[in-house]
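Take a look at the structure set out below.
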Amino acid sequence: MTLGPEWALDWTRLTAQAMTEHRAELIELDRQIGDGDHGENMFRGFSAVVAKLDALAEPPTTVGDVLKLVATTLMSTVGGAAGPLYGTAYLRAAKVTMVDDLDGAGVVAMLEAGLEGIVVRGKANPGEKTMVDAWTPAVAAAVAAARDGATPTEVLTAAAGAAEQGAKDTKDLLATKGRASYLGERSIGHIDPGATSSALVIRAAAETAARVAG
Amino acid sequence: MTLGPEWALDWTRLTAQAMTEHRAELIELDRQIGDGDHGENMFRGFSAVVAKLDALAEPPTTVGDVLKLVATTLMSTVGGAAGPLYGTAYLRAAKVTMVDDLDGAGVVAMLEAGLEGIVVRGKANPGEKTMVDAWTPAVAAAVAAARDGATPTEVLTAAAGAAEQGAKDTKDLLATKGRASYLGERSIGHIDPGATSSALVIRAAAETAARVAG
Amino acid sequence: MQKGISVKKLINDPQSVVAESVEGFGLAHADVVEIRTDPLYVLRVGGAVTGKVGLVSGGGSGHEPLHAGFVGHGMLDAAVPGAVFTSPTPDQIAPALIAADGGAGVVAIVKNYTGDVLNFETAAELAEAEGTQVRSVIVNDDVAVEDSLYTAGRRGVAGTVAVEKIAGAAAARGADLDAVVAVAEKVIANVRTMGVALSACTVPHAGRPSFDLTDDEIEIGIGIHGEPGRHRIAAAPADAITEMLLTPVVDDLALASGEKVLLLVNGMGGTPLSELYIVYRQARSLLEARGVEVSRSLVGNYVTSLEMQGASVTVLRLDDELTTLWDAPVHTAALRW
Amino acid sequence: MQKGISVKKLINDPQSVVAESVEGFGLAHADVVEIRTDPLYVLRVGGAVTGKVGLVSGGGSGHEPLHAGFVGHGMLDAAVPGAVFTSPTPDQIAPALIAADGGAGVVAIVKNYTGDVLNFETAAELAEAEGTQVRSVIVNDDVAVEDSLYTAGRRGVAGTVAVEKIAGAAAARGADLDAVVAVAEKVIANVRTMGVALSACTVPHAGRPSFDLTDDEIEIGIGIHGEPGRHRIAAAPADAITEMLLTPVVDDLALASGEKVLLLVNGMGGTPLSELYIVYRQARSLLEARGVEVSRSLVGNYVTSLEMQGASVTVLRLDDELTTLWDAPVHTAALRW
């Protein structure tokens, strides 16, 4: 089983659905330690992405085509910190997925490129209570799964579980990057919204992969 | 038994005490149908009056002297509608009490002059939900009592009871003068603050008269 | 207690709010005003201008920047602040009238409230006794107060700014006492306002909100003293609320297609500027739909009610004279061009 | 829910708040600005001035009058409004940078938030690719954020007004790109701010307040996005709060006796002007007690946080150059002299 452009479209639409469903939750998380807009930002961005997909004349021929469209749309509609960070992540991921089909190694490369994009833009290290703390364990889990010969679905499922755990674990961290850092010690005890939305993105990838895999 | 300047001083101090005690209540009444300052205004005014009394070099020789001091002090410290209205009431009352001692008829004349001052200034008729609705029945009761040969204390006690009833009865009235008139129908169901403070003033007169009378 | 209400304030002693605030105001704006204490009033820096008609206004505090923020060149010569929501007293007003007199007499601009009218009346008598000629105009632009037979008459609200600006410009360019009174009366005859509150306000000494409003109610036809309005309705979109405010204003003015107006959207103190522009946008579009041209505009917090959330819509019918006077230079703490 | 919070707003659809508000703003101030839609930004009327360095700022909405209120003569050439509390996107910012370019390059004034910095960074690249020379300055005046090693660095708050005014005056009198950047950096190096919130604010789409505060608590060290502050204390008198705000500002600037400053007391949107003057009075008196001369002042709502109740105190160390530039003529919707 490999993952192609059809999957990338499904993944993107399911992500948009997840952002709609979790809009209020992400707003609430951001309200606690940020400025309360993360859910609205992601919802606005992925709604725009879906509108773009609906208007596509030609079906995309590679995974990378889809991810590039997501990248540019998020960049121009999300704003805030999340816009450029997700935008760059998708852009970097697109560059390494300009292919028909992704195998396990291809999925790993995609996730690695995404994380790299976030780090290049935002310069956060793991442990600073940002989306990096979802992506870092996700990539590690993906790498480990692929090394064991896992299918793309298994790689993504491992990554999603690790991302969710990573997001949960941000609760005990002291924020030193992003808006939550202004709170100092008061940031401890709250889950990071960007890490949470990151886990939703990766979980959507795993779920749609599982559907494609049947 | 007659009432002299000593009584007028006692009356004024007891009125000040009543305004302190009922400050919050008068604010609350005014909050309901006005702008929430009547208690503060009366408190500020009578506190200033007491300060003036405390600083008097010579004891006043007539009731009118005391009332005139109250009049000018209220005029220059109360502000709002109540300042000029009470100021004029006391000023008119002072004019007819430039004597050593008041008998029943003298007390009636004083109350009549007070009411006249309020009406001259504010041009309200009875039934418009203002302080006139405390003073009008008070004067009527005072006139009736004096006609029956009552003592000054009895005259004031009758007036005080009627003023209190008059103030209570403002509850069912539609305001057509003063700030409460802006509420239209919504003014019904609330007691007028100025009528309430008027009843406090007249009750203080009666109580201090009873003390003097022994 | 309902939402929308704060009883917390950046104040020290509630009794000294006005004195401290006016002191700070005087220090911050020493280029245009000077403060007189005991009795307290705000005077144009340098005092009366010889030969010019003086302009004085005043009223309860809590409506800032009204009136002190409009003292300076081309507007008021003096402003008299009372306690919060309480008209000042004659012994404050009279010295201000006298200080504003440059020998050509003084016009007192009084908002139509029993307290203001009575206290200014007495003050005018006192000032006249000292040789200052005083004429008063009564501002009563609030169309929420419908029938003056059954009320103390219409209230003076945000339209006061237009009266002060335009009469101030007339006085600045040398109009005599009669002429200044005439132009002030002309503004008063042609200006109407209607307001809405989304929340109440809290008078410092009261310590609790001026009225109670649940989360899905608003008050239509409010004044500027935290008093409840004429009626209470369910919360509604800004465009619908704006129409409820504008319609009685336009009807009362009997505005016809082709006329020009000044449109003033005034904040009550606690509403973000961004929301005032949303109201302005709709009010302007409704006026234009009636063929009325919005040729001058003012949007901001000018006649407030402490931290109340809400707004009022004011329309002034303009002709060439009023437009020229509105455009004339002004330099005060709160209005400058 | 706690007091001090309203979720009621004078808006229509929460999604269209910014577009409608900016549209109204453009209509009300057509003498100084023009509005571009799709992408949305606010441009000085007539566009770029040939030969003049362009000045562009922007950021999330909800801080009105910042930034659009400062577009005009002698200040900004363009402002880019994002969604409420959300930095605008590069595809909005880049066209604004290009439109503000009169051939002498453009200075982008960016408040120090991760989102603003990243989006302006990308936009600058896009504009440079189109031939517009862009230099950025990062405003970070908020002393509440203590240690930039452990944070995203100090935030840009009310001091932004001083940067925009002074850099704008430099550009207006013909300074070149390097010189405008240099004077902006000089302001940034000499301006510090600290804020307090008495209540939270409500972002339209969130529908509930940005944080919870009981009736006797206040937040010290807040930003301008409704975020909680560094710590929470019991409500206190204005004089005490003002001292808590001013002291870290003065200490951080290491102000010495004999120095001159601009003192800016900025309201967060929902605090009455009268209270800002009470804060100003005390801040000024504390500065004077240290021998610091307050030679320029600004009091009002300039960098707000929707309808939040609270204030910030900003001090800018002045020399002759900065004073002259501060005094230079300005004509924008929100600042004019």
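Should a chain be cited, it is by its letter among A, B, C and D, assigned in written order, with residues numbered from 1 in that chain.
Convention: a contact is a pair of C-beta atoms (placed from the backbone, for glycine too) under 8 Å apart; a residue touches a chain by one contact, two chains touch by 3 or more.
Small disclaimer: the values here were computed from a predicted structure and weren't measured.
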TODO: Please identify each chain that touches chain A as well as chain B.
DONE: none
Open item on the list: From the C-alpha centres, identify the chain that is farthest from chain B.
Closed with: A
Open item on the list: Could you work out how far the Cα centre of chain A sits from that of chain D, in whole Å?
Closed with: 32
Task: Between chain C and chain A, distance of the C-alpha-averaged centres to the nearest whole Å - done: 54
Task: Distance between chain centroids, defined by C-alpha means - chain C, chain D (Å) - done: 29
Task: Junction residues of chain D, two or more chains touched - done: none
Open item on the list: Which label fits the chain touch graph of this model best, line, ring, star, complete or other?
Closed with: line
Task: Chains grouped in pairs wherever the two touch, ordered by label - done: A-D, B-C, C-D
Open item on the list: Could you list, by residue number, the parts of chain D that touch chain C in their complex?
Closed with: 1, 3-13, 17-18, 20-25, 27-29, 61-62, 64-65, 69, 196, 198-199, 215-216, 218, 235, 237-239, 241, 269-282, 284, 294, 297, 299, 301, 304, 306-307, 309-311, 336-337
Open item on the list: Applying the document's contact rule, which stretches of chain C touch chain B when the two form their complex?
Closed with: 60, 82-91, 113-115, 118-119, 121-122, 144-146, 150-152, 155, 203, 205-206, 208, 210-211, 223, 225-228, 230-231
Task: chain B residues within the chain C interface of the complex - done: 27, 31, 33-37, 40-41, 44, 75-85, 121-122, 174, 176-179, 181-184, 186
